[in-house]
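Multiple structures follow.
Shared chain: chain A. Partners: chain B in the first complex, chain C in the second.
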Partner chain A sequence: MDPSEVEFLAEKEIVKIIPNFSLDKVYLIGGDLGPFNPGLPVDVPVWLALNLKQRQKCRIVPPAWMDVEKLEEMRDLERKEEAFTPVPSPYYMELTKLLLNYASDNIPKADEIRTLVKDIWDTRVAKLRLSADSFISQMEAHAKLDNLTLMEINTIRAFLLDSLNCMYKLRSNLQPGSSKGQFTDY
Partner chain B sequence: MDTQSYLPVQPGVGMEENFLSLDDILLSHERLPVRTECAFPRLGFLEKSSDAQDIPEGTKMELPLWLSKGLYEKKRRVLSVELPKVYREGWRTVFNADPNVVDLHKMGPYYYGLGSQMLHFDSPENPEIGQTLLQTFIGRFRRTMDSSQNAYNEDTSALVERLDCLEKTLFKSGQSGLNGFQSWEKGQASQLTASSLVLNYRKRKMTDVQP
Partner chain C sequence: MFVADIRKEFYEVVAHQRVALLVAADIDALCACKILQALFHCDQVQYTLVPVTGWQDLGTAFLEHKEQFRYFVLINCGANVDLLEMLQPDDDAIFFICDTHRPVDVVNVYNDNQIKLLIKQDDDLGVPSYDDIFRDEDDEEGDDSGNESDEGSEPSGKRRRFDEGAVERRIERQRAKREWEARRREILFDYEQYEYHGTSAAMMFFELAWVLTKDTKDMLWWAIIGLTDQWVHDKITHMKYVTDIATMQRHVSRHNHRNEDEENSLSIDCMRITFEYDLRLTLYQHWSLYESICNSCYTSCNFKLWTLNGQKKLQEFLADMGLPLKQVRQKFNSMDMTVKENLREVIEESSNKYGMKDIRIQTFGVHFGFKNRFLASDMVHATAALLESTEKDESDSDNFIKALDSLSRSNLDRLHSGIDLAKKKLMAIQQTVASCICTNLILSQGPFLYCYLMEGTPDVKLFSKPMALTLLCKYLLKAFVHSTRNKRCKLLPLIMAAPKDIEKGTVIVLGIPPESETSDKKK
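And then the complex of A and B:
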C-alpha cells in the first residue's frame, strides 16, 4: 500500500468548516452534506473541506486535538509508556500534513504543532521497531498491537513480512521432511 | 511509487530452490569440496590438478552445487560432500558468539541459501547447521532493520557491503518503505515526474526546447 492510498483513506474523516456561501442540502451516495449557511459551522469530510478552502469558500476549524497543550501532554505520555498510547485520531499524521499544508492560516501555532506531531510519530515508530525486533528475536507466534495507525503499519509492513517469511523458511529447515514438495504459483 | 512492471521470482530460502529464480541459479554455481566414492572413467578433464584419463576413487575435488545435488544419493555412494569451511564447527562458534561482527558477503554471498542447500547432503551436523543459520539471521536482523529504516538519501554502500544477498533484499524493501513515506511527507507523491525509462531513452525533444 502506498502512503498516498493511506492519505486517500484519511480524507474521509470529518472536520468542521465555516463556509462563506450558502447552498441547500446536498445528497451524495456516501451521505448527506448539510445545508451551508455563511458564518455557521458545518461538518464535512476532509476532501470537501480542502477543495472549498482552495477555492477560498470556507475557513477550516482545527480539530479539537490539534492544540499545543494537548499534543504536548500526548507526547509526554507516549514517551513514558512502553506500550502504544491511544492516538488523537486514527489518521493524525495525514490530517496534520493536509491541514497544515492547505489551511495553516486557520490554525494557530502551526509550526509548533508540526514539530509536536513529528515527535509523537518518531516515538511511536521507535517503539514499533523495538517490538518488531523482540518479536523476531524471541520467535513468537503472534503479537498484540493496540492503537497503531495505518500509516505506521504501512511503513514497516513490507520489511516485516519479508523477514518473517525468511525466518519461517529457515525454521522449516530444522524439521526435515516437512518441506518437500511445496510449489508456489506464479 | 516503485511498483515494477514485472515481478521477479524470489529465491526459495529453505531447502527447496525456486527453479525460475535468478538468485537460486547463481547460488547453485557455488563450488563444494567433494570426495568421489567411485571412479569416473574418461572424465579426467574435469580435474585440473592431474592429467589422468579417469578420475580414480577417493579423489578430492570441487564440484558446483547443481552437479553435486544431482549426483548425490545415499544408497549408491557416488559422492560424499564435505561441508565448506563456513559451516563447520569453528565458524559456527564464531557465529553463535556474535553474528553482527561477521562480513557475510565475504563468506560467500549466499550464506543462508547455500547453508539451506547443504542440509540435503545428510551430514551428521545438520541440526546444528540449521540452528546456526536461524540464530545468525535473528542476531543480524536488528542491525539490518535499523540501518535500512534510518538511512534516507545517503550513500548506503558502507552499510550494505557486509550483508548477505538475502539480507540485501530485506534492506531494499525496508528502504522502499522509508523512501515512500518520506517522499509522501515532502509532497512529492502527488507531483507528476517523468518516468526514469523515458529519461534514459533520451528521446524527449520537448525538454530540449523548453528552458
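And then the complex of A and C:
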C-alpha cells in the first residue's frame, strides 16, 4: 500500500470547521453534510475541510487531541511503556501533516505540535522495528501488537513480509535430505 | 464608464462566466494578475491568461480570443486609447479595464455599455465633463425644430419664422459651433498632453479582495510589490508613494493584529509582513554591502563612483562609519552581528554628512520560514529581471510565466535565480553608465540630450527590453546631471536608443523627462 493511499483513507475522518458561507444540507453517497451557516461549527470530513480552507470559505478548528499538554503526556507515556499505548486518533500522523500544512494559521503553537507528534511517531516506529527484528531473528510463530495505526503498519509491511518469505525459503532449503529421501523412497 | 461598486458590477458578473485576462508585461500587472487568479481559484472561475507586450500584441490576442469569450479583463493596458476603435469588437463584448496609464481616453470614460473602468473616480483624473466634448448630432440639420442641445442655441418658441431670422440664427449657430469646437480641442489637448500613472492595479484588486473578505497576507504582499514597482521604476511621485504606503500600512497592521496573540504564537512558516524604514540600497541583504552601495543608483550618483575621486569618497564614507572593509565586502548575511545591529542608523547619519538626505525609504519586508527575508524592492528587481531575461530560447510568454511563478512563496529557487539576474543587470547598468559618462557618449541636441548605445557595447542585449532600458536611462540622466557643471542639463530630457534585435536591425528608443521635474505630469 502506498502512503498516499493511507492519506486518502485518513481524509475520511471528521473534523470541525466554522464556515463563512451558507448552504443547505448536502446529500452525498458517504453521508449527509450540513447545513452550513456562517459562524456555526459543523462536522465535515477532512477532504472537504481542506478544500474549503483553500478557497477561504472556512476556519478549521483543531481536534481535541491536538494540544500541546495532551501530546506531551502521550509522548511521555509512550516513552515509558514497552508496549504500544493507545493513540489519539487512528490517523494521527496524516491528520497532523494535512492540517499543519494547509491550516497552520488556525492551529495555535503549530511548531511545537509538529515536533511532539514526530516524537511520538519516532518512539512507536522504533518499538515496531525492535519487535519486528526480534520476531525474525528468534523465528517466532506469532506476535500480538495492539494499538498500531495503519500508517505504521504500512511502513513495515513490505519489509516484514519480504523478509519472512526469505526466511521461509531459507528454512525450507535447510532440510533437503528428508524431503528428497521421502520422495525417492516413495 | 467607471465602475462604482467593484464587487457587484465586476466580480459577480464575471464569476459565472469564462473570462479572458489580458495582462501587460510589468510587475504591477503581474501582481494584480496573481491576486485576481487567487480570487478566481477560490470561486472556481474559468479564465484564460494571455500576456501582451504592446499594442500589436493586444490586437492579435484579441483577434485570437474574440469568438470564445464575451468578457475581457485588461490589466495595465488599454485605457489610454480608444479601445473600441482599435479592436473593433462585437457588440456584446464587455471590457473591464484596470490600468494605471493616464490620461484615460475620453471615449473609454463615456462609453456606457461596453467599457467598464476599474479605476477609482477620485484618483486625480481631471476628465473633462461630457458636455464639453460630445454633443448630439441633431443640430447638423439646418431647420429650426427646437430640439437642439448645443450651448449656443436660443430658445425655440414660434414654429414659423421669418427667413432673415432663420438665416441669422443659422449663422449664429455655426459660429457657436466653431467656438465650441475650438474650446473642445483646447480642453482635449490639455487633458492629453501629459502622461502619468495612477494608483497601482494590484492595489485595486487587493481592495476588491478586501471587500469580498477574501484577502490574505499573500495578496497583501503582492499589492505591496505592485506599489513598490511603481516607485522603483519612477512611475509615481514620492508624495503619492507615501500616501499609498500609508494605506497599505493600515492593511498590514490589521493583518498582524488579527494573527498574533501572546499565548498562541504563529507558526514560523506563516508569512509575516512588517513595515520597515529601510535603506535605499538595492538588494543589499542578498549581496554584500559594498557591492550594493556601488551599484545602487542613488549612492552611486551622489558619490560619482565612476571617477577616482568618487571611489576615494566611498572609502572615506565607509571609514567614517567605522565599518571595516573586510566586513563590508562580505555577503550581508555573514557580516558580524555587532556591525549589523545599528547599521541603518549609522549609515543614515554618515550619509547626511555626504549630502544624501533620503537614504532611507519607507517600505515593507516579508519574513517566512527561518531564512527567508525579503524587502519589497528586492522582489521587484528579481521579478523584473526574470520578466526581461534575455537568455536564448526563451520566448516572452515563457518569461512571463516564470516571473509570475517567482511571486509565489513556494518557488523560492526561482526567486533566487531572479535575484542573481537582477544583480547582473544592475552591474551591467553601472558599467554602462560609467563608460558612457567617461567617453562622453551623451550629446546635447538642443532641446534634449541624446545617447546611442553601439552594438558592441558589453551587455547591450540586456538593454533591448523596455524596463531595463528605462532604468539605465534614468540612472544615466541622474549621473550626467551630477557630473557636469552645466546647469541647463537639469532641464533637458534624455532620449536613449539601443539595438533591439541584431538580425532585424531594429532599435528601441526611449525618452524620459528632465531630472528636475517633480510633478507627476510628464510628457
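The rule is short, and it goes like this: the second predicted complex is superposed on the first by the 173 of 186 C-alpha atoms of A that agree within 3 Å, B and C clash if a C-alpha of one lies under 4 Å from a C-alpha of the other, contacts with A are read in each partner's own complex, and residues count from 1 in each chain.
By definition in this document, contacts are C-beta pairs under 8 Å (C-beta built on N, C-alpha and C of every residue); 3 or more make two chains touch, one makes a residue touch a chain.
Here the structure is a predicted model, which means the values were calculated and not measured.
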item: First, second, both or neither for A:Ile18, with chain B first and chain C second; value: neither
item: A:Lys169 touches, of chain B and chain C: first, second, both or neither?; value: first
item: In the superposition, chain B vs chain C on chain A residues touched; value: B
item: Partner chain in contact with A:Ile153 - chain B first, chain C second, else both or neither; value: neither
item: Touching partner for A:Lys57 - first (chain B), second (chain C), both, neither; value: second
item: Contacts of A:Lys109 with chain B and chain C, given as first, second, both or neither; value: second
item: Residues on chain A lying within both footprints (that of chain B and that of chain C); value: none
item: Complex contact set, residues of chain C against chain A; value: 41-44, 213-214, 216, 259, 261, 263-270
item: Residue numbers on chain A that touch chain B, as the complex places them; value: 2-4, 7, 97, 101, 129, 132-133, 136-137, 139, 151, 154-159, 162-163, 165-167, 169-174, 176, 179-180, 182, 184, 186
item: Interface residues, chain B side, partner chain A - complex; value: 1, 7, 9, 12-16, 18, 20, 112, 116, 119, 126-127, 130-131, 133-134, 137-139, 141-142, 145-146, 148-149, 166, 169-170, 173-174, 176-178, 180-181, 183-185, 187, 189-190
item: Residues of chain A that touch chain C when the two form their complex; value: 20, 54-57, 100, 104-105, 107-111
